[in-house]
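Each of the two complexes below includes chain A, the first together with chain B, the second together with chain C.
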Partner chain A sequence: MEANAIKTAQAGTLESMDCLVMITEWSAGRLVEVSGGAVVRFKASMEKHINDTLDALGTDEPLRISVQDNGALDVVLGARIEAAYKRYARLAV
Partner chain B sequence: MRRTMLYLPGNNPNMLLRGHLFEPDGLVIDLEDAVSASEKDSARVLVREVLRRGEFGRCEVTVRINGLDTELWRDDIAAVVSCGVSGIRAPKVESPQTVLDLDEEISKTEEKFGVTQGSTKIFCLLESARGVWKACDIAAASPRVTAILPGGEDLAADLRTGRSKEGTELEWIRRMLIVAARAAGVDALDTVFPHVTDDEGLRRETAFVKQLGFDGKSVIHPNQIPIIHEIYAPTEREIETAQRIVEAASAAAARGLGAVSLDGRMIDAPVIRRAEYTLVRAGLSREKV
Partner chain C sequence: MEINAAKRKIPSLIEGYGETSGKLYEGVFARAPHGYRAGPKIRTAAPNSGSKVTGGIKEAVMASGLKSGMTISFHHHLRNGDFVVNEVIRACAELGIGDLTIFPTALFDVHKMIIPYIESGVVAKIMGSVNGAIGKLVSNGELGTPVVLRSHGGRPRAVMSGDVHIDAAFIAAPAADRGGNISGRTGKSACGSIGYAFTDAEYADVVVAVTDNLQSFPISPVSIPGIYVDLVAVTDSIGDPAGIVSGTTKVTRDPLRLLIANYASKLIEASPYFMDGISFQTGAGGIPLAVTAYMKEAMKRRNITGSFGLGGITGYFVDLMKEGLVRKLMDVQSFDLKAVNSIASDPNHIEISADWYANPWNCGVAVNMLDVVILGATEVDMDFNANVNTEADGALLHGIGGHQDTAAGAKLTIIAQPLLRGRIPCVVERVHTLTTPGEVVDALVTEFGVTINPRRKDLLDAVADFVISKQIPLVPMEELAARARAMSGPMEPIRVTDKVVAVVEWRDGTVIDVVRRIEK
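Right after this comes the complex of A and B.
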């Protein structure tokens, strides 16, 4: 039986003021999932920042972006998204 | 002032965003030894974004890049010089040519990103016997060089010894570097004191390097900062003398006199500069840029 590898990359940590970002290939469109203590209050702004960061990187690929947040400021969230996406983009298809 | 320069791991958001709150004179954001090989790319992006945010209080912000013997250092330069960082701390500098290579890359990056030419300074870490031996030539290799620093662990290993609490293995090197730094007109900054719970050892070492003439020390724990600042703080008598020298010099300048006598002693430019620096260290005057 042959298994299909799923293209996945991640960046960041679960340390204080950081977040762990995982990007995987997706069927269509862009799915953004965020979890963590601050999500109740800041879900919309976090999702907007994630989408803005990916748009600025010029990608329109179908992607699933999962973020586990532990108090990351926007500056950290954006950096982790960029690092994870650049790692994802470097992976062989 | 560069009494204390606090190392911050380049992949740690908590420290990067809060390090300046401990009020060191400077920050050294580390992309080299504090970042594992697998996290170099991610740390570089994080450091670039934190530098762009630019909230570091009054700290001088420098970045220790990866060595010029790696494939990483040019990307490090591109990421941080474009953000207008104050200085690059270059590890394992062994020759004036290393400084020239670094200078050329920084110049290209400054031009590309519209950063003022020459504004990014170089701090040279001398972590081998070869580097220490050429300290003065290294310090004089480019006007960007603003300080030289002895290495700690790497230098001890190159000397085929280890670090001792007494610093015996570094004693002669410290004496040599202070002469080289002054001859080249740059700062001499001491290496870290690695025993973070040994306050008395830190006091002893700091008092020793201050007496040699060092301008400050690198720091690896925030608790070390107030101890070093206390030792570098001038005494009341030193402050009073400095104030009288600066006042006498100012009065002489107002009368168009180039030299002045105070308490029977000639006050000339180096004495005035030292007095002004004493007042800066006492927090009674702002540093002239």
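Right after this comes the complex of A and C.
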């Protein structure tokens, strides 16, 4: 990997009832960003589910998680987060 | 603050609308008309003038005597292809006419061009349904006064009863002659029925036909006769055909929606109304169109024919008539090219006014002859109340259309809707905005089955055989709500301010609900 490349992995689609998850390396802590039509009514529960999923995967690395949501239920959101994180974790440092 | 019969909190005074005491919703059929109809100014065309053609839109606005502060009306049959609203407002601005109240049947995204004129005060007030960018502007509280939302029947009622006086009506005319006779059937901007414009023509003090297709006198058939029309404005184009009619309206191919349509169709088949002479309205949405397709099968299988299809008419309804499955179409708005061609050529395809279609205060409203209507809704609550006006975030989404009128008129009112749109549940504890009271909603159909309003015990009995034979799964409202909650998770409330951005009138002119500005 080149010195200035940013470690990035993604999972999901922008189909209805799915979401596109992008995980990138981050300076410190965990930044969770969610956007999409459902955010106005479900922001807190989406953020909680993203954090719970990542915690369950045992990560405490600094990460930036961007979710473009198109109506994903928690079960889909969790699966996309897990897939994106596992792809991210496989990347060479 | 007042509380109306639908248990909604309504401010005693709504700035820009007025006092609400005496105007609060009392019940579906509680309010009866009294007194006499309002009327327009009596006037006559100049004797022997021969022609009402006055030049273009700007000349017609000048000749109409339109002044600042007046109310002008429009109809939306040209839908998202309409040029007339934009051109008239622009002409008013150029002529220094402002502080106008516009009274369209509906505004679409194409009308976002008038936003600068709203900001500059040319347009001060909107009474009519607002979609797209203007809806967003209104939701954000950027219009000084609230918009007033009326149903397709409530609007002509408001005009004939004097609630709204139209100073000038501008009627998009796909065909017109120098005598002011108007038709929507022919021309490059043909839109079929112009039913929403009839009342405006009859009750406005001055009526301007705006046409891009001036024919020799007299045209035939005539939709709006020149006896109501003062001026004819000729312009290059009144609309973009691509936005006026869709080429084809398509039945959904989504298996979930097809399942819902199938359940709805079974419910109709099981109901006591499924017999020779059945009448129905299904609109142009994906699910209702699929219901029409399933009903066609059922009608053939059970060898029954319908009497009429009502409302906004699509090519699917035209096919039903051509195949002899319904005898007549009563058309207030022709949605696609096939419907436009049909109304232009088939006398069994009848053009009806919004008054005839849906006005609760006349002697022959078509919705009262209706057996079955299939509707949609963004939200339905535990009491079967329906919201079609606001989106999940509380912003204005849609006008009322014929929702209230058909629900109140039809013997069987079905709302067919997926339980979830994305993550947003359609079944909620309490609708954010109340458009149509649950008292006139008989059933909700989702992918989980049919949920019948407990008020309709007769309907529950009627579907028993279909339930036993597993053609209809019955789902109680409580179970549906629990399923929605389990899948979507807890919803955060919509936070609103006290500012009223829209007043929702019940079809009889009472205030059934208000829409408040969302907190930013």
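Criterion: the second predicted complex is superposed on the first by the 90 of 93 C-alpha atoms of A that agree within 3 Å, B and C clash if a C-alpha of one lies under 4 Å from a C-alpha of the other, contacts with A are read in each partner's own complex, and residues count from 1 in each chain.
In this section, contacts are C-beta pairs under 8 Å (C-beta built on N, C-alpha and C of every residue); 3 or more make two chains touch, one makes a residue touch a chain.
These numbers were taken from a predicted model, which means no experiment stands behind them.
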Exercise. Once the two structures are overlaid on chain A, check if chain B and chain C clash or fit side by side.
Key: fit
Quiz item: Touching A:Lys86, do we find chain B (first), chain C (second), both, or neither?
Solution: first
Practice problem: Have a look at where A:Ala44 lands relative to chain B and chain C in the superposition and call it first, second, both or neither. | Solution: second
Exercise. Return first, second, both or neither, reflecting whether A:Ser16 touches chain B, chain C, both chains, or no partner chain.
Key: both
Self-check item: First, second, both or neither for A:Leu73, with chain B first and chain C second
Solution: both
Quiz prompt | Smallest distance from any CA atom of chain C to any CA atom of chain B, in Å, after fitting | solution = 6
Quiz item: Residues on chain A in contact with chain B in one complex and with chain C in the other?
Solution: 16-17, 72-73
Quiz item: Taking the complex as given, what residues does chain C use to touch chain A?
Solution: 392-393, 420-424, 487-492, 494
Quiz item: For chain A, which residues are in contact with chain C within the complex?
Solution: 16-17, 37-38, 40-45, 49, 69-74
Quiz item: Where on chain B is chain A touching in the complex?
Solution: 11-14, 17, 41-42, 45-46, 48-50, 52-53
Quiz item: Which positions of chain A touch chain B when the two form their complex?
Solution: 11-13, 15-18, 72-73, 75-76, 78-80, 82-83, 86-87
